[in-house]
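For reference, the structures are reproduced in the following blocks.
Next come two complexes, and both contain subunit A; in the first it sits with subunit B, in the second with subunit C.
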Partner chain A sequence: MDVIGVVASVVYQFCTNAAFLLLCALGLIIILGMMNIINLAHGELMMMGAYAASASYSRGAPFWLAAIIAFVAVGIFGAVLEATIVRRFYGRELGALVVTWGVSLVLSQGFLLLFGPFMPPIQIPEGNIALGQYSFSYYWISMFLIAALLVAALWWIYNRTDIGLQARATMQNPAMARALGVDTRRIYMMTFTLGAALAGLSGALLAPTTSIMPFMGQQFVAPAFITVVVGGATNVIAGAVGSSLLLSLVKTPVGFFLGAFLGTVALLLAALIIIRLLPDGISAAIQRRLDLRHRMR
Partner chain B sequence: MANPFSLLNGPEDLGRGPVFWGGAAIVVALFLAVPLYLSDFAAYNVSYYLLNIPMALGLCLLWGYCGVLSFGQVAYFGIAGYAYGVIAGNFVGHSWGPMLGSLGGLVMAAIVAAVFGYFVFFARVQIWILPILTLVLTLLLETFLGQTAGYQWRVGVVQLGGYNGMTGIPAFQIGDFVFSGYSFFYLALGLALVCYLACRMLVNSRHGKVMLAIREDALRTEMLGYDIRVRQWLVFVLAALLAALSGLLYVQWGNYITPSQVGLLSAALPVIWVAVGGREKLLAVVIGTYALNWLNYQLSSSGNQYALVIIGALLVIVMVFFPRGLVVSLADLAGRRSAPSEASTARVRG
Partner chain C sequence: MRPENCKDYIPPQHAIVGRKTRCARAVILVKLQITDGVYADHHPNIPPPVWPGASSRRSGFATAAGLCCASSGSDSTGSIRFPLAANVLVVDAEDAISRQITSETNRPFEKLKRRLSIHMAVCLRWAARSGACLAMLARSCRDAVSIARKPIGISVKKACAPAYLSKSFPLASLRADKTANGTRARGVAPAWRRRKGTQMTDKIVDSHVDAVPESPNPIGPHRRTVVKGLAAGVALPTYLRGFETSAYAQTSAPVKMGFIEDESGNLSVYGIQKLHAAQLAVAEINDGKTLKGSPDIGAGFLGAEATAAKNPPVISKDGTSLAVVDDGGAKSPVDLAYVEDADILVDSGEKGILGRELQLLSSDGQSNNAVWQQLARKLIQEDKVDVLVAGFASAEREAIRPIVDQFKQLYFYTNQYEGGVADANTFCTGPVCEQQVIPTVQYMVEKYGPKCYTIAADYNFGQLTAAWTKAFIPLVGGKVIGEEFVPLSVSEFSQVIARIQGAKPDWVMTLLVGQNQHNYYPQAAAAGLKYPMASTVNMAQGYEHKRFAPPSLARMHNAIQYQLEVPTVRNRAFVKRWMTMFPNDPYIGEMAQNTYFTIHLYAKATRLAHTVDQQKVKRCLELGWNIEAPEGSVFLEPGTHHCAHPIRLAYCDEKHNVSFLRDWPMIQAWWLQRLGVNLIRNPEYKQYTPDEDPYFKMFAL
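Up next is the complex of A and B:
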């Protein structure tokens, strides 16, 4: 009985860590994969999502509705950001990094001045499953399911819709896609909007686990960046899933035995070693495998 | 070996010829004469603006001349500051303690940069990975230092101090001469000048030309027989050493350091100085660093909460409208008046 409990507990830890990394990184990696741009304001977009969720939750909206409001609100903000600033930096990766950092400074400090240092907290939705002496919260189990659902939805959009086809064409060869009549500017704008909206959603979903403050985005930034670096930009979905599972494999045991901080340090060390072996991230390795199998057929 | 004066007067920085050097000499003379017209306290503030210049110069070499962006220069700043505090603090009373501490700080920063840089540069990672990983490094350093509160986190007799930071760090001294007030001002001024002139000689040397070639076209440079991994790695370590020098000066200036010195907001500052001044020219970075530190001090000392918003907005505006930096754009404008053909060949790069 206890063996089952220990196994379930390890699996549960592994799944929650993977879900956390995936939720942190998903919006970032979508934008990176499409435009080769790292959005350094990602943490602040998550913060905005948490703010939107907190504001609607404290006015009586249920948690799921608050999360959807965050998704939409931050998505709209992302579209504005793309149209006014980010659009000028396509093809200039370092310039885009620096300018989005400027945006993140303005956002975090601006939110502090506008809304003060704290927002009303969101209660973790209650409920536990008990198994032996271990108990597992419904909240984290549903986070894992939501992360899986988001990945499935993205896979469907990229592989089964016309927009997704155009997006993949733009990713592979923007000049050729434009020549064939794809409106790449629109694809870029939609991608950035989707990435921002996903960041807002993740911020709202993770908001119950932390205090909602203007600088809360910082705590998500390090895990999100490491996940993206390990995942690489070749194949967005394979990169995000593969990297968050792999990193969870590193983080779960280290964090379990040595504490959360050393778990994050282990993530950085793992990232350094992985990029030394696979400079383009594991998504490039997965994509090579897939291409090879495709050709064999 | 090229003539050092022709290296100083080379083409890879703003300003050449007798008029420029005459003007520069006047500015330096004005700084040297600071005790004549500034109080002890004002000179103390000016020292702070000056001590940030080496770190900015290192980032300028890395980003503007080598095309490699680092967001984590403050990590080396912090490592050197903490190492100095630990070593010098354990040898209080010995006149060689601060000297040993400075050496230890530089060595520690260089070792961390060398190991970190080995993994990144020899993996030939994509261009956006280095800024992110350096940022992660500095954030982790902040988290680590933040949880070192309490008596069990001590090295010898020095406590690391958690979020309250390390206090009572000894001032710098050579022999029995302790640098403080005006003498520290001269120390900071002298080191900033030496670093600037040395960087200027570096970018005009053969190695500097190779750096520029890597920035312009890494693949072609490699095909010409240069090992770009080693070159970038060396510049990375040099930039870390310059950041470490700033860190040493900082703790010797204020006698304390806190984890927020390696936090996200502090990490943004060097990037802002370099971007706003103009990353492709060393002199522009020196001017930008000095001016922005002055501005930041004026904004925050008057209790202005909008300091960070203003500095962040300044970065966004400069990146959007003056991608080469304010000082460089102004210099171009002045240069175009006098010599239209030279300035028109300047290109905007991302």
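Up next is the complex of A and C:
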């Protein structure tokens, strides 16, 4: 048994799974986590990002440029969506749920009508490192690094910039923030746009691994919601990171020894148990622990 | 009883045919000694006559040559249907056939423990005398007398050109022995073959159809309609009842073909090809074209042969022009059956079916089983379609099959699948596991080694095909070292790839379905997985070798009956016709080709049945049909409603060019036969799974 190879393979799979969960959840972290809008159109936003990337890639743009184009395009669409529809449903969660579901139907069938059943695929970037009988593709390693980078950037924006401060204030207490001169309408618009743009970027980044079809968003919606809900709203970014690491920690060994299907089953069971024990998500539990310790000092 | 005593042997009782004939007031004049027995093998000690044809072909030839005005015959694999197929005469004789005769004829076959459909028929020289002759087969003596007197309505119509009379019948591919004795065929005793005097050549014979009157009116015994030289066959298989005797259906309403495929969603890459195939077939039918083919003998005698090509030609992956990248160099004397006739599309003699336009009512199932059920109900109940052609995934087929059975809808399932559907309303024209899994597995174990790792889509097709692989691989000395079932929605495979790398197989069996799962190939290639792969679905259906960049599909093998790159003349003509109608299509997959010939087959069967009534067309399909498809000769087996196909092993190299390494001219779908399925005698409405076959239980599946 090639021990180093097995260990490396397990670590690699762990990183891959965590990266996948994090990338799926990226856009939703902002929208659900911070604005508390249950965005059922999240999958379709990712699909739009993949479409934008595929369209530019097939016209000759390099992959990184295609991803940036997707980011910008879906961000613009997100701004439009927010201004026209989502704005009317702040505070009305169930209304937001239904209306975003309607938007997702319109988007998926609309893209089917406009662009046909599938788009030209984006080739997965070549190259892999071999270690004994196992090999690790550069693509997934870079996905993990990019996901980590994006999360770090997000954290930095929200915790170290003025805009971030205003955003956090708005989320915490909109009336008070407004009273203190924060333009909450603008903050909401920016947040939603950023969330949509990130969803588009994730869609573009994950596009090489999947077929680009109008209904491709469905496969990302469930992992995204599970990750964000298990993470909890108390500290959205830390929560999402924590939950993706935790769920991946459950999925990887089960998947490695018993098969990918059972790995997914284990992930869902873990999510079920965590939600049952910690209804507010793991970030709430961690925050309570930290507060307790803070008060004890 | 010794052979030399046969001449003087007087049997203790009359054959039932003889008894009935006497009831009909016939006078027995003479008893002849025949020289051949079961399966037309000649008796070694009795010199055979200088006369073509064995078994009931004798009856047909004798009547045609004017030696008699009528003769009776029976067959199990076409002896009487062969001559009768040359001319078609349809008579309504409800319940006239005696069951006693069929069981008597069937007795020698019971020993063989096989179920055969026995056909009884009467060849007539003149249509006018049919009554008396039918009496030979009547149910009782009383019936015999009454039928002899009763006028019977007959409608006569033009025949279709039977394939077996043409020069290039598939027999030619069986290494025809062109010696002085003519073509060597099975069943002729070697002693006879060597005799100088017996010449059997396959001369082309013109069908004596020209003098056939087109009048649909019943012909009574008073009007003597003499059709000179016409051996009018009254084909009355025992299960065949009630063909139309009255005039043509005088309606001009279109014949409605219901069609459901996935034009969008995960499975749309297959559905669109099938839709185009249907559109092409319907356009050709409405234009007055049909594929060659006719009710024919069974394909059993062709058996399963395999020859390895010395150097098969390699077809380029670019475009659809079937450019040959490497023509293989010197040909081996044991050649593969690549040379076939070019023209399989012939005139049908009418535009549409029975003078009515064929209308395709197609709908999009959206790769969603609930939508499929709604659409099936709509087409069957609301639109009242005359035939339903639908289904890609086995889950979709099983979702609508209960609806089909509820309304007894004639239904064609034109996809390759895991096998086992025994449903009296369903005809499955795609290949099944025994035709694909076993040849593939045999080749892979021979070439690459015994250890196989299976990854399959996690639904009924994937599970059952994986069970077949596991059950049959030990026979060729292999072993499945790991199995993984992946849900249809999964498109991320890094864990699966890691597990395969951990297991270290010799080759991988990939049974992946749907666009999500196809992403395994580029991901595996990016991860550096270099194992040879085998499949029964990939490459030939979803054209992964064109959609993904090389070397994603490198070293992929698939034993299929058809994919675009088949290098035969008839296929090139077919591809050219397709690309003329659909210039932007990227590929023609195996299930698209199946859909194409199936629709042509339906048109032919409907023409023969002379009605679109679904039960009657089903009976007509159950005659057993040989149809010349772009893949080769396909035979629709009557009892199992499945097709025997020619099978080829396709191979995709590092540059994604395709070549064919081995072929089997015809492999039957034998599993259902082995299970004893005979949908004509015992209609069933289920799908058999390997669980119900004791053989599979030996492998604890």
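As a convention for this text, the second predicted complex is superposed on the first by the 287 of 297 C-alpha atoms of A that agree within 3 Å, B and C clash if a C-alpha of one lies under 4 Å from a C-alpha of the other, contacts with A are read in each partner's own complex, and residues count from 1 in each chain.
Note that contacts are C-beta pairs under 8 Å (C-beta built on N, C-alpha and C of every residue); 3 or more make two chains touch, one makes a residue touch a chain.
These numbers were taken from a predicted model, which means no experiment stands behind them.
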Next item on the list: Kindly say whether there is room for both subunit B and subunit C on subunit A in the superposition, answering fit or clash.
Entry: clash
Next item on the list: Go through the superposed model and pick first if A:Y139 touches only subunit B, second if only subunit C, both, or neither.
Entry: second
Check: Between subunit B (first) and subunit C (second), which does A:L154 come into contact with in this model arrangement: first, second, both, or neither?
Finding: neither
Margin query: Just to be sure I read the superposition right, which of the two partners does A:I69 touch: subunit B = first, subunit C = second, or both, or neither?
Written below: neither
Next item on the list: For A:F261, select first, second, both or neither according to whether it touches subunit B, subunit C, the two together, or no partner.
Entry: both
Margin query: On the A-aligned overlay, A:M171 touches which partner chain: subunit B = first, subunit C = second, or both, or neither?
Written below: neither
Margin query: Looking at A:T210, would you say it contacts subunit B, subunit C, both, or neither? Reply first, second, both or neither.
Written below: second
Checklist line | subunit B versus subunit C as contact partner of A:L22, first or second or both or neither | finding: neither
Notebook entry, point to check: Which holds for A:Q218: it touches subunit B only (first), subunit C only (second), both, or neither?
Noted result: both
Margin query: Quick check on the output: what are the common subunit A residues between the subunit B footprint and the subunit C footprint?
Written below: 215, 218, 261, 264
Checklist line | Partner subunit C, residues of subunit A touching it in the complex | finding: 6, 9, 12-13, 16-17, 20, 112, 117-118, 121, 123-128, 130, 133-137, 139-140, 208-211, 213-216, 218-219, 252, 255-256, 259-261, 263-264
Notebook entry, point to check: subunit A touches which residues of subunit B in the complex?
Noted result: 63, 67, 69, 71, 116, 119-120, 122-129, 131-133, 135-137, 139-140, 143-144, 147, 264-265, 268, 271-272, 275, 305-306, 308-309, 311-316, 319-320, 323, 349-350
Note to self: Please output the residues of subunit A touching subunit B within their complex, sorted ascending.
What the structure shows: 32, 36-38, 85, 88-89, 91-95, 97-99, 101-106, 109-110, 113, 215, 218, 221-222, 225-226, 228-229, 233, 261, 264-265, 268, 271-273, 275-276, 279-280
Checklist line | Contact footprint of subunit A on subunit C as seen in their complex | finding: 263-266, 268-269, 272, 367, 458, 484-487, 489-496, 498-499, 501-502, 504, 515-516, 518-519, 522-523, 525-529, 547-549
